[in-house]
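You will see chain A twice below: alongside chain B first, and alongside chain C after that.
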Partner chain A sequence: MPKCTINGQEIEVKPGATIMDAFYQMDQKEKIAHYCYHPALSIAGVCRLCMVEIEGNPRLQIACNTVVTEGMKVNNDSEKVKEAVKWGMDFHLINHPLDCPICDQAGECGLQDQYMAYGKYDPEMAERKVKKRKVVDLGPRVVLDSERCILCSRCVRFTEEVTKTNELGIFNRGDRAEIGTFEDRPLDNNYSVNTVDICPVGALTSKDFRFRQRVWLLKDAETICAGCSTGCNVDVYFNKEGVFRLKPRPNEKVNGHWMCDVGRDTYKPLNRDARLLDARLSEGSKVEYMIPLMGARKAAEWVREAKADPKSVALVLTGQYSNEEYEAIVSTFKADVGSDRIFHWVNNPETFEKFDGLLFRGDRNPNTKGLLQAMQRHGSLNNTWNELVAALESGSVGTLVVAGPLDLSVFPDLGEKLASFAKAKRVVWLSSGRSDVVDACPSPLIQIPMRTHVEKTGTYVNHAGIAQTVHAALAIVPKALTLSEVADVIAGRDVKRGNAPAGVGRRAQNEFTAHRGAL
Partner chain B sequence: MFQLSDEGKAFVKKQLARYEQKESAIIPSLYRVQDENGGWVSPEAIDHLSELMDIPASRIQEVMKFYTMFNQRPRGKYHVQVCTTLTCGMLGGRELCSFLMKEHGVKGPGEVSKDGKFSFSHVECLGSCDTAPVMQINREPYHESLTEEKALKILKELK
Partner chain C sequence: METKILSEHYHKPEFRALAGYKALGGYEMLAKALKMERQKIIDEVKASGLRGRGGAGFPTGVKWGFLPNNGEPRYLLCNADESEPGTFKDRKMIERAPHQLIEGMIISAYALGARKSYIYMRGEYTGPGRILRQAIDEAYAAGLLGGNILGSGFDLDLDLYMGAGAYICGEETGMISSLEGLKGQPKLKPPFPAVQGYLRKPTIVNNVETLASVVYVLRDGVAGYRAHGTEKSAGTKLFSVSGNVNRPGTYEVPLGYPLKDFIEQECGGLKPGRTLKAVVPGGSSAPVLTADEALRATLDYENLASLGSMLGSGAIIVIDDSNCMVDVLGTVSHFYWHESCGQCTPCREGTGWLHKIVDSILHGRGKPGDVDLLVKVADQMKGRTICALSDAAALPVISFVTKFRDEFEYYIREGRSKVTGKGPTDAQMHH
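Presenting the complex of A and B:
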């Protein structure tokens, strides 16, 4: 294990590790400028900004491609290094449009950050800037501004090494070199927005996010993506107007550095316009709205009324809730209601086992594993869907409680299932999303708004059995309930509203910091 | 749809076997395609090569667009390549090319003259800096130490 000294600090690294690795290991990646290096991609060594001075070596070296040797003494804070980085920066800026005020990357831009640290502040270029393609529609989700591109080649390496789809390339040479796709064919793979994340400048921007918010007006908090059973670690970016985007947060065990494009959209059902805001009771043509807690009381009444014959109460669960909630609702059903008619609604039997080889899985639920574990603990794993259907057909179900989807769009069978649920005398529908299909249900139905995974603390078990606990990040529909709270109401217990967001994520204190995004 | 001849395909296969990294076979293969496709490399031709070589089209396109000896558009019978890199550039390569284009009623590099006889392009260093400015016509030997008159005369003599 070679030892070296970096800026006076001694550190032991793995054999073969580069100086850049050592900076990362010391958690000092902010201290070294680097645009082309990315921990999850091959080394390109093209941006020439990660200059370091190595004792005994007359020339500066790049940290990303220099392997640490025993006793190496390295620094990147000498005047010589600063001078080199300053000029390197200036080269990058020769043809850069410097349109920060209208650039989406501003506030999380590698170029801005480095310029503040190493800028020359006095450009001496008298030549005209080279004009390149602007607002290039690269694909369904990504827009390119070639003038802003510094040709770090991260995006090219991403499509070459990670997705292996090879859409992107650097075409032409010299100062006319440009990022593009072969014959402008679309950059259309399920991971394309990751190129936006790794682009250190504003050359690649996300169609969905661009011009919607300045990043310094957003806070972020750690959570997971609930889009499928992979459970990618993500940061959710939001302000009081709602959630605006998700970005992956590195976790080697779960998602590496990436997330899929389908997952990027999973913030949409979190926002108010897609949400159920109040409890809604519909009986025939009569519709009544009430606060969620009152709705839950009404539901509890229905459950109690049917309880004389516990068999006439049934519970349907989807894989969209947390372990804690499953435990609460299942044990309440078993102990307090006395019913063991608990069923698992599999929304996607055809694609359930599918996997794209990278991250995205056919099971579009964050916690199917957790649900199955809870059912197993309580001995209801063997209940089959056919039993439920038979009971519904025979009219023996008095009150049916459905812990429905948080993301309605991943339940293509919603209408079909509801038609069958409507055969129960009364239906309690728990969901965070609002849907015309549900509203149209002919039998007496009460809909109760649920919190989404970013609004409550809970544990989710991914496909590989990794349990991940996430904390409440924000409250979008503050009155909405959790499944545990509904269980409390059904059981007649006091409701513990213990899940209010405990302060927002890690940037709460300083929401205007410039150092964000991964360099 | 462009297809290489059987000999062309065999040639490409041979190149692929020849190098440690198959990307090294891109340049000779592009030359072959250009020769068989009337002097330029069309997007269809790259698709064809990509399939033949099992190399993504974007990788081949990168090489094709990097080197000025591959033409991205159809060319004239005589393709006049004027060097505009450092020495030639300083000694009037660009101006020379503009002059020749004007004389032949051609608006810019890559365009073909009405009679189909000439096309022009700026090329990167031809490696003959000591006799700048230089030009090359098709794959023939260079014409060196050019002046406008001299270059025009050379073109006039071409049938």
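Presenting the complex of A and C:
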């Protein structure tokens, strides 16, 4: 284990580690300017900003490609280094359009941030800037502004090394060099927006996010992506208007540095326009709205009325809820309702076992594993879906409680399943999303709005058995309930709203506190 | 006086073909080498003091010694991407004596244990490319290439690869990238090519003239080779001369030869009535020498380095008093701007910036601080990048504007050349 001294501080690193690795290890990545280096990509060594002075070497070296050797004395705070970095910054900026006021990256831009720390503050470039292509459509999700690009090649390396799809390349040379795609081969893979995240400037922007919010008007909180059973660690960006985007947060055990494009879209069902806002009771043509808690009391009434024959009460669970909620609802059903008719709704059996080799899994639920663990604990694991179908067909189900989708889009079998559920005398439908298909259900049905994973504290077990606890980040539908609260109402207990978020904008902490930041 | 070792028979047309080359002693050294211990050849090259003739002047034997003995296949590549403005000595050799190169390559490949070798040739050299291709075919037909060369049991495949005309592919790792089918861009070092080069295997890259010289190291022996040149700059070298001399061309002189004599005798002196103003001694990236410096310079690595310049590829550009140095720098800075590969930011942006400042001056848009700015920008491009192109762009700028500052300031102030009196409308435009 070689030891070296960096800016006077001694540090021991792994054999083969670079000086840049040492800065990261010391949690001092902000103390060294860099653009092209990315911990999850190969070394390009082209931005030439991570200059360091090594004792005994007259030439400045780049930290990202210099392996630490025993006794090496390194600094990056000498005048020589500072001067080099200042000019290095200026070379990056002489042809940059400096259009920060209309640039989506402003506020989280590597050029802005690092210029503040290392800039020359005395621009001397008075010649005409190089003109390059603007608003280049690279693919379904990503737009390029070549003039903003600093050619760090992170995006190119990402498509070469991570997705291995090789859509991007650097075309032409010198100051005419530009990022681009090959003819008829757009940047169209399920990880394309990661290129936007790792772009240190505003060259690559996300079509979904661009021009929608200034980033300094957004708060962020740590959570996980609920789009599949991988459970990628993400930051959710929101303000009082709602959620605007998700970005991956590094966690080597779960998702590395990335997330998929499908997961990016999972913020959409969180927002009010997709949400069930009030409880909705429909019996035939009669429709009645009420606050969620009243809806839950109505549901509890239905359960109580069917309780004379506990077997006529059944519970359907999906993999969309937290461990704590499963425990509450299952134990309530067992102990208070006295029914063991608890069933697991597998939303997409055909693709359930699929995996793309990177992150995206066919099980489009965040907590299938947690659900199965809860059912096993309570001895309900052997209940088969066919038993439920048979019971529904025979008309023996009085009240059916369905802890349904929080994200309706991952339930392609929604209509088919509802047609089957409608054979119950009464259906209690728990969901966060609003759906015309559900609204059209012919049997008496009460829909109760549920909280999403960003609005409650809960634990989710991913495909590999890693339990991740996330805390409430914001409240989008504050009156919505958790499954635990519904269980309390059914059991006639006081509703403890203890885990309700304090309100929009509270900073939340995930138990995985990997480092943050765009770089 | 010229000392013709490599170029002894360049004036004989028959030397180009295999039969003529053989009749004049060609391939005798190959036969000798194939009977020698490999290490003995490497030792002789090391002892001869032969230094890389492509520009950097690194001792060839020492470079060869960097190859690891790890049992991996290794490659010998010949750099024939001769693109430094002013340089055309390799073209001359290939046109007049292609077998000299091939023989040098077979001997070197044998010494290094390489069984596959490529010549990477400048894309624009279509004529020399045809000649070399023909020579390679002749060598294969005569059993000098391929399997079991001259019954020695040594196999070597040699192929010619034509570049696409990028200066940067003359940088050895840029060349390797291009040969691998990638965009011609230098690779980050370490790893160095001797350890991980072509196809990530140990690779030696040598210049055309260097490889051909190996033949004569063997022919004349260490002492014979060292009989020419100086202690540290051994042997003879081909110099390509262009500019304002009566007889531009390629000349072979021993290293250490006085530049003054070279210009006056070999090159036939300047045009009548003209005086010497400046000399670029080693290709356009070498810092320019003033007439005073040039007249006391000798053509060897050490002397030119002591004058703050370099021997480089041996491309001598002679500039007389009829030339405007602003105009000359305009041409030079345009070249490096055009040829920067664009990988490293200081070079990509800096070459463009330098070019634009000089171009603005030539267009009459020069600003008072421009001379100092040129030096500041160029200074910050030196030693900051993966390869030496950034330095190659910066060095001429610094030397031109410091040594001929008055011409630049005059042009900025008056909007026209101090030398020719011509202004922007007459000046050569570089955009």
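Everything that follows uses one rule, which is that the second predicted complex is superposed on the first by the 502 of 519 C-alpha atoms of A that agree within 3 Å, B and C clash if a C-alpha of one lies under 4 Å from a C-alpha of the other, contacts with A are read in each partner's own complex, and residues count from 1 in each chain.
Simple rule for what comes next: contacts are C-beta pairs under 8 Å (C-beta built on N, C-alpha and C of every residue); 3 or more make two chains touch, one makes a residue touch a chain.
Because the structure is a prediction, the values reported are computed rather than measured.
J.: Given the alignment on chain A, is it a clash or a fit between chain B and chain C?
T.: Once both complexes are aligned on chain A, chain B and chain C clash.
J.: Please indicate which partner A:270 is in contact with in the superposed arrangement: first for chain B, second for chain C, both, or neither.
T.: After superposition on chain A, A:270 lies in contact with neither partner.
J.: Touch test for A:13: chain B only (first), chain C only (second), both, or neither?
T.: neither
J.: In the overlay, answer first, second, both or neither for which of chain B and chain C A:183 touches.
T.: The answer is first: A:183 touches chain B but not chain C.
J.: First (chain B), second (chain C), both or neither: which does A:88 touch?
T.: Only chain C; A:88 stays clear of chain B.
J.: Is the number of chain A residues in contact higher for chain B or for chain C?
T.: Comparing chain B with chain C, the partner touching more chain A residues is C.
J.: Examine A:150 and indicate which partner it touches, taking first as chain B and second as chain C; both and neither are also allowed.
T.: A:150 sits against chain C, while chain B stays out of touch.
J.: Touch test for A:170: chain B only (first), chain C only (second), both, or neither?
T.: The answer is both, since A:170 touches chain B and chain C.
J.: What stretch of chain C clashes with chain B when the complexes are fitted on chain A: 22-30, 58-66, 130-138 or 328-336?
T.: The superposed arrangement places chain C into chain B at 328-336.
J.: Could you tell me which stretches of chain A are touched by chain B in one complex and by chain C in the other?
T.: 169-170, 172-173
J.: For the complex, give me every residue of chain B touching chain A.
T.: 43, 46, 56-59, 61-62, 65-66, 124
J.: Contact residues on chain C for chain A in the complex?
T.: Touching chain A: residues 166, 168, 183, 188, 190, 337-346, 348-353, 356-357, 360, 367, 369, 373, 376, 380, 383-386 of chain C.
J.: Within the complex, which stretch of chain A touches chain C?
T.: That would be residues 43-49, 51, 59-60, 65, 83-84, 87-88, 91-92, 94-95, 124-128, 130, 150-151, 169-170, 172-177 of chain A.
J.: Contact residues on chain A for chain B in the complex?
T.: Per the stated touch rule, the residues are 160, 166-173, 181-183.
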